[in-house]
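Heads up, there are several structures right after this.
Both of the next two complexes hold chain A, though its partner changes from chain B to chain C.
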Partner chain A sequence: MNPPRTASGMNAVPLRALAVLAGLMALFAIPKLTGNDYLLALGVSFAALSVLSGGLNLVYGYTGLLSFAQVGFFGIGSYTAALLVTERDWSLWAGVAAGGGLATVVGLVIGYSSLRLSRHAFAIVSLSFALLCMIVARDWVSLTRGAMGIPGLPTPTLSLPGGIRWRIAQPADFYYLLLGFVVFAHAVIYLVVTSRLGRAMRAIKLNEPLAQSHGINPLAYKLLAIALSALLAGMVGGLFVFYLTIVDPSIFDFYYTETMLIMVIIGGPGSFWGVLLSSAVLTALPDLLRFTTDLRMVLYGAVLIAAMLLCPGGLGGWLHRRRVARWRQPRPAPRS
Partner chain B sequence: MTTARPLLEVRGLTKRYLGLTAVDSLSYELGTGSMVGLIGPNGSGKSTSIDCISGFQPADGGRWFLDGREMTGLAPHRIARAGLTRTFQTVRAYDELTLLANLCVASQESDGVGWMQSLFRGQPLRSADAAAQTRGLELLATVGLADYADAPAAILSYGQRKLLAIAASMMARPRLVVLDEPVAGVNPTMVRHIEEVIQKLNAQGVALLIVEHNVDFIMSLCRRVIVLESGCKIADGPPGLIRSDPRVLAAYLGKARAAELDSRSG
Partner chain C sequence: MDLNFHAQLLLNGIVIGVIYALIAMGLSLIFGVLEIVNFAHGEFYMLGAMFAYFLTANWGVGYWPTVLIVTGVAISLGYVLYEALLVSLRGENFERSILLTLGLSMVLQNGAVFLFTTTPKMTATGLSYSNIIVGELRLPLARLFALGLGLAAFAALYLVLYHTRVGKAMRGVAQNRDAALMVGIDPRAVSRLAVAIGIGLSGLAGAVLAPVYAVHPLMGFSFVFKAFAIIIIGGLGSISGAAIAALMLGVLESLVGGFLPLVMVDALAFISMIAVLLLRPQGLFGRGVRV
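Moving on, here comes the complex of A and B:
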């Protein structure tokens, strides 16, 4: 009898499950253990950035499509939720769902129209889209109120099952809300990347013509990855702005794009845990480097170049190379 | 041809590049389970013609049918799902995936398990995955790579990659597999091994169309050989006849040398 195999190339490690469980318990316990608002603010940033980088990892790391559009989806979700809640009195749930939905539709439109050309066309279109979003947010004043943005977003109240109404006023409330969404978003991404949908996406990234010759329709999987990342980015945007209490065109800032790209590249494109880990580290790091606010992006750039030179493929790539090296050692191949 | 309907029927396939006609109204038929070689000098249109019938290049004219179903103009993945798969001249593998995953990915689109079932991992997925693993291990055993089932494809040598690619092209139980230069650049021992693998797979009932530069390899393996020159079919028959066909000799050796050989033997 052969040892159990996983054709997706991932091994189920119970140790990892325990580590995740312990990590989650620690994260959810933080507000109880400390009243430190600063730590909670970091947690909220981590939530937003890790969902963005997780989605980018799905699109770029797994499917091989360089995308600058994530920040556009993030901002579209933010504006949609903010406008629907303030102007139309929608509930937060509905506003966030609508934001995610609109981002998904936009993602499918730009994906479908540009991917029929090439993946380079998609990269360019996604960049233009992100820049266009900011211009629209700034100049379509009658809808978005221009550069001033929409300040003073109300304290949202969530209706939970069982008739409980949860007023999200304290930083700890936002922390729980965003952390809950992070768990949901990463669970969805994990479910996809460890399924054979994720395997097909990796196949497309690794060798698209070969994947086609195996009956895989690249366009369908690329659109799936884009739609899912847009949905999650839009939704987390919708939640995040109520924490900020304001949405303005800076929600489309290139800073977000840069940050999530660095997170994916350092974590290792196509490595779920690597990117999750690098998202956590790189959220905490800039705040540890606060004494060098002006130098922060320079430091990021230096780290990025160092990663490219010393460890191409990031954390995940390093692990992969170790695995290859182990198999190349001249001895009878281990079977487990 | 014993069956009434050929497995593959190509009618008037034409492909032009800016005034150069790479494939010029090429027509041929293949029977179920047959093994046919497609040879010709460099630039004779071998690779272009199979790129067209497998959907990787749009054709400028002609129609082709697999088992009576029209494949003309379909996308590559649709042609593959219909039962016509291929390997590539530049050897391709998913380096980061294990050998077994390389194979399993090649049949996942043809086992009828949908996206939702894949995501939530119900019984249909589990039985389809189990079947794919069994078939994958069988094929790895056939090509002699079973010991490395769990290793990433990146560790394979050039010849081993060719074997992996051949195994992957068989995963979804296609009717016809087009092998694009299966032994180009491979050492002689490996050539013999690949030859055995191809014979074994053909014996299991899959039809093979083999494009090769290595004429001896094709002549010893195939009972029927099609010869192309400048995009046209110049000969089609058993290796014995092909070897002595004056047009084939002229195409391969040049007209003067062929005439010289001809006068010497005559």
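Moving on, here comes the complex of A and C:
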């Protein structure tokens, strides 16, 4: 983030904070204002997809590693949480934490083994990993119950601090739960990308040998980005399946990967707000327009091709170019 | 009986391995020359099989003309693909090339689902059910033809790469693009040819497999995932490495499939890939890491 320069720029930070606060209040107020379950369902899918695309943005947009593994972490978190809660009677918190933890470990293994070769190998391995997850979920019947999945996940009860037990039964409860997690996840991502860590990641993306010569260890930062995105994806997966009440191999569907890639590309890789905005718009828009899934994916594919040919920076990149162009405009010289 | 069973598994494995090799070699050739990982590669295999199905089932074209037509169309599609989409890409925007070809794959795959539905289609020609019986072994003719055509394509590719000037140019660009440019090789013409050959091989694979397996719009996707594993195992950009790794994987899968649960068959490619990456990151037949 570049420091604000102009007088109007000075107000930009509090203004932005106010805008974020207002947006959050509006989002949290939705269930109070309307009992429309469809709107809440859209909100829940936005929550899941925005955490996934936020994590992908961290790995691809900031660190420059194209990853297809997000959906694998998402599904691993879902299956782990679902199995632990149903078979072992763990609490939702513990199940979700275990799901996130397992996803993180798997992410580290994949990242470490493939990054020794190149970014190219990482992209390919992450793709194979995501596909392998689906195959294992489908064929390892004794653990995952195969294509039937695990239906009828119980209504979770959360023990909150202060002895309150919150039974999450209504769509509105899930909406609050997931929205809360979205705020948490994006806050973590925001803190990382605006800190020294985020700058190091961006340096690696821009020029790895140069970053290395400045004492940055690329592998450590790459693994950090992968691990964090895996953790968040696994956890949101664990929460999301209890809303669906079923987990089956379609949780690993490549559709999720394609959707989050589109969100990151349109929003602009490496642009925190751009990706968040595009996640919201792209969750709502195709649903409101009532496209069939097949046609939607054809359209997404065409958008992806067009974006790559015409504007690889997405919305965020376009805004950034405009800002730079404005700075470069000659200002009238002060009269002396 | 037991020996026959093994021989049958081996034959099936070799046939599927040759088909893997057709796809993986094209992928490897395109990666070597353009440094682009073509995610849409499997979709051309699918389109080849679809087209072959419609030619034989709907318009009654024979086996050999079908194979020729499909391969020819695939080669032309390769030219169009390069000129329309890939020409602006270079090795340094690797991610962009992946996303671009991924977009293409989404359009082709979901377009095919929309147009043809996901119902598997079986090409029932006379060929599908005829066998040659050697001893107690039944050799399905369609598989034998697939094997023969695959081997013929290997031979042709080998001749082009190692015994023609244009093949030499292609290998030159793969080794060092700038040096190739300096000695007067036009990288654009060479890249175009490499994409055309790669897509052509993919289409050919689809056409020869159409009488063996059911044809459906999602078939390319699972195939290309194995092809990626194969080119990593064989060494990125190494064409002969890809061919050998493909054959090995096909045979191994077939043998494993005869004795172990199905999940092992599909996981085999991935596990081998991870093992190769950990033990020998440049691939079994790679000559060191090239980025």
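General observations
Quick note on the criterion: the second predicted complex is superposed on the first by the 308 of 336 C-alpha atoms of A that agree within 3 Å, B and C clash if a C-alpha of one lies under 4 Å from a C-alpha of the other, contacts with A are read in each partner's own complex, and residues count from 1 in each chain.
Here, a residue touches a chain if its C-beta (ideal position, glycine included) is under 8 Å from a C-beta of that chain, and two chains touch if they have at least 3 such contacts.
What you see is a predicted model, and the numbers here were worked out from it, not measured in a lab.
Looking at the shared chain after the overlay, A:R145 reaches neither chain B nor chain C. In the overlay built on the shared chain, the residue A:I216 is in contact with chain B alone; chain C does not reach it. In the superposition on chain A, A:R202 contacts chain B only, with no contact to chain C. Contacts of A:A302 after superposition: chain C is touched, whereas chain B is not reached. Applying the stated contact rule after C-alpha superposition, one finds that A:R328 touches chain B and leaves chain C untouched.
Note: no residue of chain A belongs to the chain B contact set and to the chain C contact set alike, using the contact criterion stated above. Touching chain A in their complex are the following residues of chain C: 37, 85, 88, 93-96, 98-100, 102-111, 113-114, 221-222, 225, 228-229, 232, 236, 261-263, 266-267, 269-270, 273-274, 277-278, 281-282, 289, 291.
Those residues of chain B lying in contact with chain A across their complex are 54-56, 75-77, 80-81, 85-88, 92-98, 100-101, 104-110, 113, 115, 118-119, 121, 125, 129, 132-133, 136, 147-152, 154-155, 165, 168-169, 171-172. Within the complex, the chain A residues that touch chain C are 60, 64, 66, 113-114, 116-121, 123-125, 127-129, 131-132, 135-136, 139-140, 254, 258, 261, 265, 292, 294-295, 297-298, 300-305, 308-309, 312. Of all the residues in chain A, the ones that touch chain B in their complex are 5, 7-9, 191-192, 195-197, 199-200, 202-203, 206-207, 209-218, 224, 270, 320, 323-324, 327-328, 333, 335-336.
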